[in-house]
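Two complexes follow with chain A in common, the first pairing it with chain B and the second with chain C.
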Partner chain A sequence: MNKKRRTKSERTRLREKIISFTVLFLVSVVWVIPLLYMLGTSFKSDLELQLHPDTLFPTSWSEWTIEHYYGFIVRDGKIDNMPLWMLNSIWSTLATVALTVIVDLLTAYAVVFLNFKGKNVLMKFLLLWMAVPSVIGTAPSFALYSSIRNALSINGNTETYFYIYFWIILPGITGIFNMLLMRNFFDSIPRDIIDSAKSDGASNMSIFRRIVCPLAKSTIMLIILFTFTGSWNNLLWPQLLLSGGDSYWNTITVALTGYTGGSAWGANGVAMATSVFALIPIFVVFIITQNKMIDGLATTGVKG
Partner chain B sequence: MSKRREGLLALALISPYLIVFLLFTLIPFLLGFVFSFMRYNPYTPGENSFYGFNNYINIFNFDLPISKSFWESFSTMLVFDVVAVPCLIVIPLVLAYFINMHPPGYKIFRAIIFLPSVVSITIVGIIFGNMFAGNSSGLVNAWLNTEIKWLSGKPWAGDTLRWLVMLIASIWWQTGTNFVIFSGALRNVPQSLYEACEMDGGSRIQRILYVTLPGIRSAIAVCLFNTLIGYLNLYGQPIVLNELDNESIFVSPMMFIQKYLTGGLAYARQTGYICACAIVFGLFVMLFSILERRIMAERKRKNVYTEGCKKYFLNKGSLKKEGEEEHE
Partner chain C sequence: MNTAGERKENRTFLSLQNLEKIYPNGEKAVYNFNLDIDKNEFLVIVGPSGCGKTTTLRMIAGLEDISSGDIFLEGELLNYKPCKDRRMAIVFQSYALYPQMKVFDNIAFPLTINRYEAPVVNECLQSCSLLRALMRENEASKLFEALCGILGGKGGAKAKAESLAEVFSLTYECAGRLVSLCGRYAKQSAEQLFLQKEQIFAEWEEKLSAWESAERAALAQKGIRLDEKFCELDENGAVKTQMRRLTPYEIKVKVFETAEKLDLTPYLDKLPKELSGGQMQRVALGRAIVKNVPIFLMDEPLSNLDAKLRLTMRSEIVKLHNRIHATTIYVTHDQTEAMTMATRIVVMSKGFVQQIGTPEVIYNDPANIFVARFIGSPSMNVFSATFDRASSSFCFGGLNIPAEKDFAQRCREFYLKKEAELSALLENFDQAANESMLKLLSVTGEYAETKHRTAAKNSLWANLKRRVSKASEPDKYEFGRSVCARKLEQIRSRLDSDFELTLGIRPECLKIRMHGEDSAEKMCITVRPTVCELLGGEYNVHFDYNGKGMIGQVDAKNKISPQDEIDVLIPAEDLYVFDPITGDRIR
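Up next, the complex of A and B:
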């Protein structure tokens, strides 16, 4: 009786595995088609795009070309806009990530390990604030941005560029979710450790540097991942600020909207090549950290 | 350390966060309320005047063209959400159910399905816009041997094709997030419950209905509200999946607000009105976030990182390694 039951459940398990493998395999094939299409199209020559729009990749080995990649970095002997867009994205994203981590670490440390007046009020307020939709702030933020720009009469190229990026970077660094993630982690560090370090004469500075920060590595990593992808892919707010600016100021995500909408559909080799470029940093981060990212998302439940 | 010094140190540590939060989040938010009661134009600071509730009255005056397009964008977005949000719950749930059977190579499948979530919406737009291009150069038209104008036309009103492309793109793009959250939640449903149900002669359907779904109730609530709130703020998809002949059609309130703000001097005098629109729309979104709070309040505060860290300290009792590996 017992033996029979086991074989039955083993058979069910095997059947489960076969069915789930088939379903997931088919879904995965469908899921990678758009990405393969992007990659393949970026290597098709313009003629090939006209003749064989129905294939994912160029039809023969001799048809593979890198002209879209080359023509996009250097055009007519000059550096094209694309590398500048990448650079804009890279530095603004790195700045956002670095500032977010620093600010979150400092704030969470103060909230968890130091006593000050109004601590609970502050935390309650921030928790409440998470329910407030950011859309209410979008229009007035933009109005504030334009009025300050008018009032200070910021018109020069470099000034305006940095003024815009100031406005792109800073609003993104105070994400409440990330800060709470850090605070929750700090909360979980047993107080005995901090207390014994304090009684050994350790200053706040050395507790922060030698105990708290090394422990928080995995949470920091998670915040970096959420902030990096969020900031690299941010479209709405940067697009608002960059509209009407010089085209080489754009971040890559905003610049790519130039290849969408309107009458842009059609000559797509260059658009695909640019997309491939824009995806490289995200993919590198994804491939290195995908397990951490997926586990982090599964356990915290919300994307940053 | 004296109390006073500790307070000063704390103030110094939280001040960067507070200042940035104040300047770039709180003050704009409060200004939004002020502007919504004004005729406001950022380019002519001298002429701004108090306007009372007129902006709000104008929003509900459906004869004004601007109000008409605001409410049209609002209703179009709602129709899209009614279809898209259930899709983005059910499909990830089904996929998570299958991944939880752990077939060979399930980690690879998991990574592939999650992968599009890190792609930016503009790239999604470029890929799907080209796949569904209206002329014969589009992949789908080439496969079907047709010349369907996929991206022209307004969702639902006569032409649902563009809406369909937006839905397909959304599903491809955002299934991953909910899928990962669901698969994490499914892993945490105790195996003993399934066994008990099986012992009692429960069929597979019964096990799903009485064990699986109740076990991941809170994950479903989180995903439902996050997806819903995200899709109320629908912006990227209609912006990137667009064609010339319907560029002036507003598909969502976010798109409406954005278009008016970037319209330059001609539209800048409507800033007060746009702020009022944003508040009306924001309050609507807030209804759902408050509802989410209510429902989540009963959910036990369970932080896996907290538990992992506690376990680490209980086991090791020392500080030599960071406590990150044990959070499973």
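Up next, the complex of A and C:
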């Protein structure tokens, strides 16, 4: 028996590894079970759905079905609203993300690299604004929304649709947190680089386009991820605006709430299938941004 | 005032007049900076950190606002010109390369941003003539081979045109036309083409003349005339010019030219992070050179390099300066760099210019004690000695060093002059007087006191208290006035008694010998060295005398160790005499 004895530090490291692995495993199990349940249930046949006690997955291979995914698209022989909701969600989220990135980049650039009167006051105001819970703004925003709608007398179907979505998108892009992330990153760019670009003859626009933005790639990815999830999951405000509108105007998150609560539509399988679909875009965005995002977290000094 | 200023500017290249900088927090970084810089000068601004040298440079570059004063470049006021229009290139200590761009793009950046004045060229006619020259001058077989090589390769028409332009050094327009000329023969090999050479050339010639005549007709219709280089002429027969961006081809040529000058060609495809410090600094220099501007500003460009590289880069920069005939303003805290590179040195301390002069003047004839101590390595030995009026000699420990005969007289004159100056200041104490007091303190190094006091005065609590009590603003110049009064008193007490003076002597002027060799000299001190540093060719010998640490330099031929006793001779003619009150040199 010539077993290699571990040094003390190796032993501690091993112990730490085991402990952290166990804890992480337990936590991830707690998080993953609902997801697995969702995934499994979406493939169950109608018979399986009524089984008691419930199971995570269909009980036998023959019971697996994609009927509910079919039900996601077609209901009672017609194309269902569900794909439309998905589209609504996707375009409004993409618009929010694009606008947020542009607005945040421009604001952060101005705050960090330009000198203007009242810069510090503006910054303090923005920080203060971040401390106000967004729910507080809901009632006044809604009042504003409806009075502007009355004033402009927006009644037509398409007009109303775009008016509502304008209001869904607009508050999303005014988040201060993302701008602060950007500002932190810009602060970390050495001033000499900007100065040297200036003396090379670059205007603010070309400094912004050719030097600052390419450097900010990873932070932009981070902001894309944050805004995408935030906007995709946004429920309260769209629900408020969309209530009473045509049902095909809903976003997917608003629609998903239809499956819960008293007036549930009862199709558990379809509900789960919808959830799976609702998850896909987030998953895709995460996969795309995750590598860059980790860089972004490291450089902006924000701990997730 | 204005006309006088203008007359002055005509002579000088870059002129800085009464330049001052006050930061928003009220701190004054640069006081009354006056300097005229000639063309092709290598000016070094040197001083300890925090003395305002970088601020001055940034003001010249336009990166920092000017609080008061003017900058003229060839008689043109620069104060309100944005940084990009100042025709200056700046090199930073941190290199400031754009991290996401390759070396090529880094150097090309200024070229892609700016517009340059260029004559308006009729590209159609120019490319026709270029193509004719191509057909005439190249051997047909080689020409076809090269053409087939490129046109048969991968890439779109644009990429092919680019590589053609590079191979035959044509303009892009011209290369594009060449591609269209070759369009019919794309599928054939070079030999096949060579066989039908006559036919091809005839066909090309036909096409070229067709293009030419069409273009000439169009020009005649518009009434535009051209000169022999296909530049458009205006009504008076002068060449028309326009501001335009450089074409990618022109940029490429310029970047490669610059890279060759700096031996950077192998690194053009790399990112800055893959380069070493010296290479990064060369890229930064390249970016400055490629702009082709008359003034180079360098902000401690060598401070981030290791000692050996610094030495080579130092000579590189000087060589570069001589080759491109630019005016260079170089900021450093390293006095060796200043002495070796400069044609003229500006020594600064605490925001004040202490002395301006050539390296020889600065070294051999320092204006005050600050300059004397700052320049020179190892720095000057400074000690205080009593001036004995009766024997006209300096007493330092047991040593009596004879002063020059008329020294007492000169000393008296010096103090009388100072006394008159200070009492005039004290009588009417204003902003300027306060500043001259601050300058005096910057020389003697008693500055810390005032900084502390202003900080206390500006603190929030003090401000509040002042506002609440509505007390009258305290005397702004209180401190300056008290300093002035104190100095004046000290000077008056010196007019008629023996007093202490500060003497300085450069380490290499001390004559060091082994003890007992020739002890006939009177003015010798005999000491044991505390440390002997062998530098290779010479020793730095540290020793204590009269409670004062001193350094001498001696040839390494004589072996000296801390056990030996040495004789140190202080030659009277190499002594510098400073007034300890004002720090000025008594000449």
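Note that the second predicted complex is superposed on the first by the 245 of 304 C-alpha atoms of A that agree within 3 Å, B and C clash if a C-alpha of one lies under 4 Å from a C-alpha of the other, contacts with A are read in each partner's own complex, and residues count from 1 in each chain.
One rule holds for everything that comes next: a contact is a pair of C-beta atoms (placed from the backbone, for glycine too) under 8 Å apart; a residue touches a chain by one contact, two chains touch by 3 or more.
Only a predicted model underlies this, so the values are computations on that prediction, with no experimental measurement involved.
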Which of chain B and chain C A:L215 touches, first, second, both or neither
both
First (chain B), second (chain C), both or neither touched by A:K78
neither
Chain A residues touched by each partner, larger count belonging to chain B or chain C
B
Scan A:P190 for contacts with chain B and chain C and give back first, second, both or neither.
both
Scan A:L114 for contacts with chain B and chain C and give back first, second, both or neither.
first
In the overlay, answer first, second, both or neither for which of chain B and chain C A:Q239 touches.
first
What is the contact status of A:S206 with respect to chain B (first) and chain C (second): first, second, both, or neither?
second
Mind sorting out which residues of chain A both chain B and chain C touch, each in its own complex?
190, 193, 211, 214-215
Which of the residues in chain A come into contact with chain C in the complex?
190, 192-193, 195-203, 206, 210-211, 214-215
Quick check on the complex: what are the chain C residues that touch chain A?
58, 61-63, 82-86, 88-90, 92-100, 109-110, 113-114, 287, 291
In their shared complex, at which residues does chain A touch chain B?
16-21, 23-25, 27-28, 31-32, 34-35, 37-38, 41, 49-50, 53-54, 56, 102-104, 106-107, 109-111, 114-117, 119, 122, 129-133, 135-144, 146-147, 150-151, 167, 170-171, 173-174, 179, 181, 184-185, 187-190, 193, 204, 211, 214-215, 217-219, 229, 232-233, 235-236, 239-240, 243-244, 253-254, 256-257, 259-266, 268, 271-272, 275, 278-279, 282-283, 285-286, 290-291, 293-295, 297-303
If we count contacts the way the header does, which residues on chain B are in touch with chain A in the complex?
1, 3, 6-7, 9-11, 13-14, 16-17, 20-21, 23-25, 27-29, 31-32, 35, 40, 42-43, 45, 95, 98-99, 101-131, 133-139, 141-143, 151, 172, 177, 180-181, 183-185, 187, 219, 222, 226, 229, 233, 235-236, 239-244, 247, 253-254, 257-258, 261-262, 264, 268, 271, 274-275, 278-279, 281-282, 285-286, 289-290, 292-293, 303-307, 309-310, 313, 319, 322-324, 327-328
